[in-house]
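Got a structure for you, written out below as structure tokens; questions coming shortly.
Order as written gives the chain letters A, B, C and D; numbering starts at 1 within each chain.
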């Protein structure tokens, strides 16, 4: 393990769809323990980059490393195992499993019980199962959902579903937690408590990457951010710096 | 204490059932019970694929066939091999599992409906091969099948002895296996693996993002389901003493699927109930023929047609009215009744490539 | 479980009523089980078999039956095996449960074989009127018999006809990959080859197929003197038609599965000149043929195929019982194995395996739209 | 050479039949994303109705083609009604249900249609009265009959007609919009329910024509004739690129030719190890290969997997 400050290094990522360049030459670095945000107008390539970092798309060019290990081209499940976990913009919970079961699924890649173990129910498996359940309970408590542990995910309120998705992602013990518009559709009250949750998560040692439209939330919470426009990175830095960048202002005004 | 009493009552019921049935209705019905237990195993196996993992398999009977032929080839005069059943059954289950993975591998990336067609085709392919592998070397006996298959023996005792009472001994053997299958199913469902299957059924992309290797987990579902099928195929061959490709048609696959759907996909008790119902009901329909004969003097509605009508209707009506089956599991019920996000119309670029 | 209750009640009611019927004088009743596919695609043939058994039973009862000094009555228990091997074992078990004294059936080889183990286990004699696969009697069971010539015997006769009468030197064979079609085709192939004919093609189809143009064209390219088809009429008819449409003028020979009025209907005008064999003598040449046809048609309409055989099988069972003076299978089985009697279809006696001795095979040709026996 | 030519003709005729049936699959799949398992059985209904009419009229002295025409005109509305009912009763209520549900009802409908047909028309193979001339023409040593030509011609015409219907008419526009995105189509004023019903009814009419052709050509009809035919046709549709009208035609022809050539030559090529006994397997092998290597089919662009 390097004690390098750099957690994720993205280099020269490019990706085209049917001849259209969605991303070209994007490079950025996320440091350990920070909250990093990715913003930009619609169609700027944020989601494409996000999907590449979580393994849904393969990049056409460029690569990215997590703790110095090459990650480009890996499957989503492998990325999750390596320590990149995510949430979805349009919540994708296992709707008909209970909240706690959702979180337990997140433990999959950190546990190892085999079919044989499951059938025999030996002491290792039982112990593991117990630890899965305990960890899941703990995480539900952590995001403030312990009251609803046995409710079906589909029956939770919108804000709670967002929290559950975060708890599920945390169950994979990520080094980098990638959140796709976590505040979308939330009222100010919910957004506020989300902000507190994200800060807690960061405090507990997880690096955060978020894509967000809510510029106010982003500016208020992130340590650094990058701005994408037309598939290119047009600015990167601390919120105050980026805010005053003329290119950024133009991109946002031009887009709206 | 109450739980123990209940358990004892169930055990007594299962132990006495064949004798009560034999006395009241004759050994025919004990034989029907025997087959019903085989169907319970088959339905539970298919339930792993369809109910747990949400993968529609229309060629499931192929695995039943693989198990049956394994037994037939390894314990009959056909090759002069006479291995004991405790060796053959695992071989049969294992081979069926391998076939399950072979089927699964090319279909992993496919959507549900493609998967259904491919599995259907796969079932037919297996049957056609069984039917034709008598040339150039006689491997499967071709359409003639394989006869004189050894009965199952426990040590020196053949279950076919004494001849008239085989149905009872097989009942207990099959019961044992069916209970084991149900037990294994239950354990699997409530394990890390079972949760992974459920996650895939619910949302494959989210499952993958949570670190579940969907490919392996799906293959595992195919393999597990198939090996249950192979196991019951082996038992079938030992019980019947004769196998031929005629026993492994698409109709059987559909019948097993109907059992799973009717009982309640993913709910073990429901599936067992569905299997028993659909294994026993058609036999009861057998009495409709003579009844019609005596009432109308002729067969008005062909009972075997009636049986298929029953399957057809049960598939449609259950899906329309009780999509979670007659005996649904509490969670699955809510899901299937629900309308919305899981089944967004996936748009298809249909007309013309050149638009 | 609540759904099952009315069902079980209904079943019990039916069972009780049937028990009530047979109880009073049960020791004076000879129960003959008659098994065939009474439903399903082969039901017309299965029904035909069943009617043969019923006609025999009626005749025996009308003339009075005395076995071992007691007046008796034959009762026929008909069962439907749906031509399905698994169902066959269930109905076999059912008949054994009901205490049948003998079995006439099953119709198909694929059902007769698995069922034979159950009858053999219970020591109940089984005579199939129509199962022709050699394996049926080759299992070593003492209780299995048949009154119809097997594939071996029929294949031999077919080959002899093809070589000696039709003078075919080059032969193409098609079979439908069913137990029946493949069985007869293989036996024919063996004997035809042994007789010196050259097999130029062996093609295959299925019992659901309707398009045979590809295999026929392939055969056309090899221009054999004769095309032999092992399979049923439903395929043979359209096949014949497509053959003629493709301009193939060689002779067409089928076995008993093709020799039906249905074949002529399906092939239309193309049927003219086709050959097929059938086990046994033609009805009008059978010793009791004329009388049988009259009686049968008066009661059940047209004879399909094997009803004379199921009639004879029933008669053979009952004669053996009469001679043994007992309806106990263990007592009359040895008598049945040695029986010598004249049936409608000819003399009935069995060889060591239970196959009919001196089974005749007759060849037919379609002439003026109907099957005509060749001398 | 004439044998090869004959096999090619056999393949094209068989393939045209597959194409005819495949058009129906592709049409319905294109709009609803549903494999209508019962489509093959609607073909069977078409065949049975035509056959019934033809039998009734066969002694009337009317010329053969006219009888066939009347049969077809009866079969088309009958099949349309069946198709409409199926869609209304078995599929529409499940439009928003999970994917598995309509697939399972589709299988149920297929079984139901077969068994109802069996009860109405019986279990026997029914022979189609010989009302068309059986005269054949010789083309370079191979023979081809009038009905074979008719089959090839009509499947081409149907494909062309369907293709221009979808490209050029208002209805076609609405269908394309529905296929693209039913919600947006609704916003644009398209009545999605009506469009889906029309699609179904249209597909069923095509099935009726296919049924008429098949039964007249082979001279035979049977209650379970539709299932295998449907499977093969579905394979053809997937091969060509499901949802693509021209693809259905191409896939059908290819599959027909593959089957004919396979049955005709595989035995010789493999020295008798594999021959025409595997004829029914070819389609499934083709299907599996296509799905592995080119899930979008030959003419399709979309990848046939979940996004």
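Simple rule for what comes next: a contact is a pair of C-beta atoms (placed from the backbone, for glycine too) under 8 Å apart; a residue touches a chain by one contact, two chains touch by 3 or more.
Keep in mind that this is a model prediction, so the values were computed, not measured.
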item: Contact distance in steps, from subunit C to subunit D; value: 1
item: Greatest separation from subunit D - chain, by CA centre; value: A
item: Comparison of B-C and B-D (more C-beta pairs in contact); value: B-D
item: Whole-Å separation of chain centres (CA-atom averages), subunit A against subunit C; value: 72
item: Chain centre separation (subunit B, subunit C; CA means) in Å; value: 33
item: For subunit A paired with subunit D, centre-to-centre distance based on mean C-alpha positions, whole Å; value: 48
item: Subunit D, residues touching no fewer than two other chains; value: 123, 272, 277, 280
item: Junction residues of subunit B - those touching two or more other chains; value: 131-132, 205, 302, 305, 335, 342
item: Complete list of chain pairs which touch one another; value: A-B, B-C, B-D, C-D
item: Interfacial residue positions of subunit C with respect to subunit B in the complex; value: 3-4, 7, 10-12, 14-15, 38-40, 43, 80, 82-86, 89-91, 93-94, 96-98, 109-110, 113-114, 117, 121-122, 133, 135, 139-140, 177-179, 181-183, 204
item: Residue ranges of subunit B touching subunit C (in the complex, touch as defined); value: 24-28, 31-32, 35, 131-132, 134, 142-145, 147-148, 160, 163-164, 166-167, 240-242, 244, 246-247, 277, 280-281, 283-284, 286-287, 289-291, 299, 302-305, 326
item: Contacting residues of subunit B [partner subunit A, same complex]; value: 184, 187-188, 191-196, 198-199, 202-203, 205-214, 220, 224, 331-332, 334-335, 338, 341-342
item: For the subunit A and subunit B complex, residues of the former touching the latter; value: 54-56, 75-78, 80-81, 85-86, 88, 92-98, 101, 104-111, 113-115, 117-119, 121, 125, 128-129, 132, 152, 154, 168-169, 171-172
item: Footprint of subunit B on subunit D - complex, ascending; value: 26, 29-35, 89-90, 93-105, 107-112, 114-116, 118-119, 123, 163, 166-167, 172, 175-176, 179-182, 231, 234-235, 238, 241-246, 272-273, 277-278, 280-281, 283-285, 287-288, 291-292, 295, 299-302, 304-307
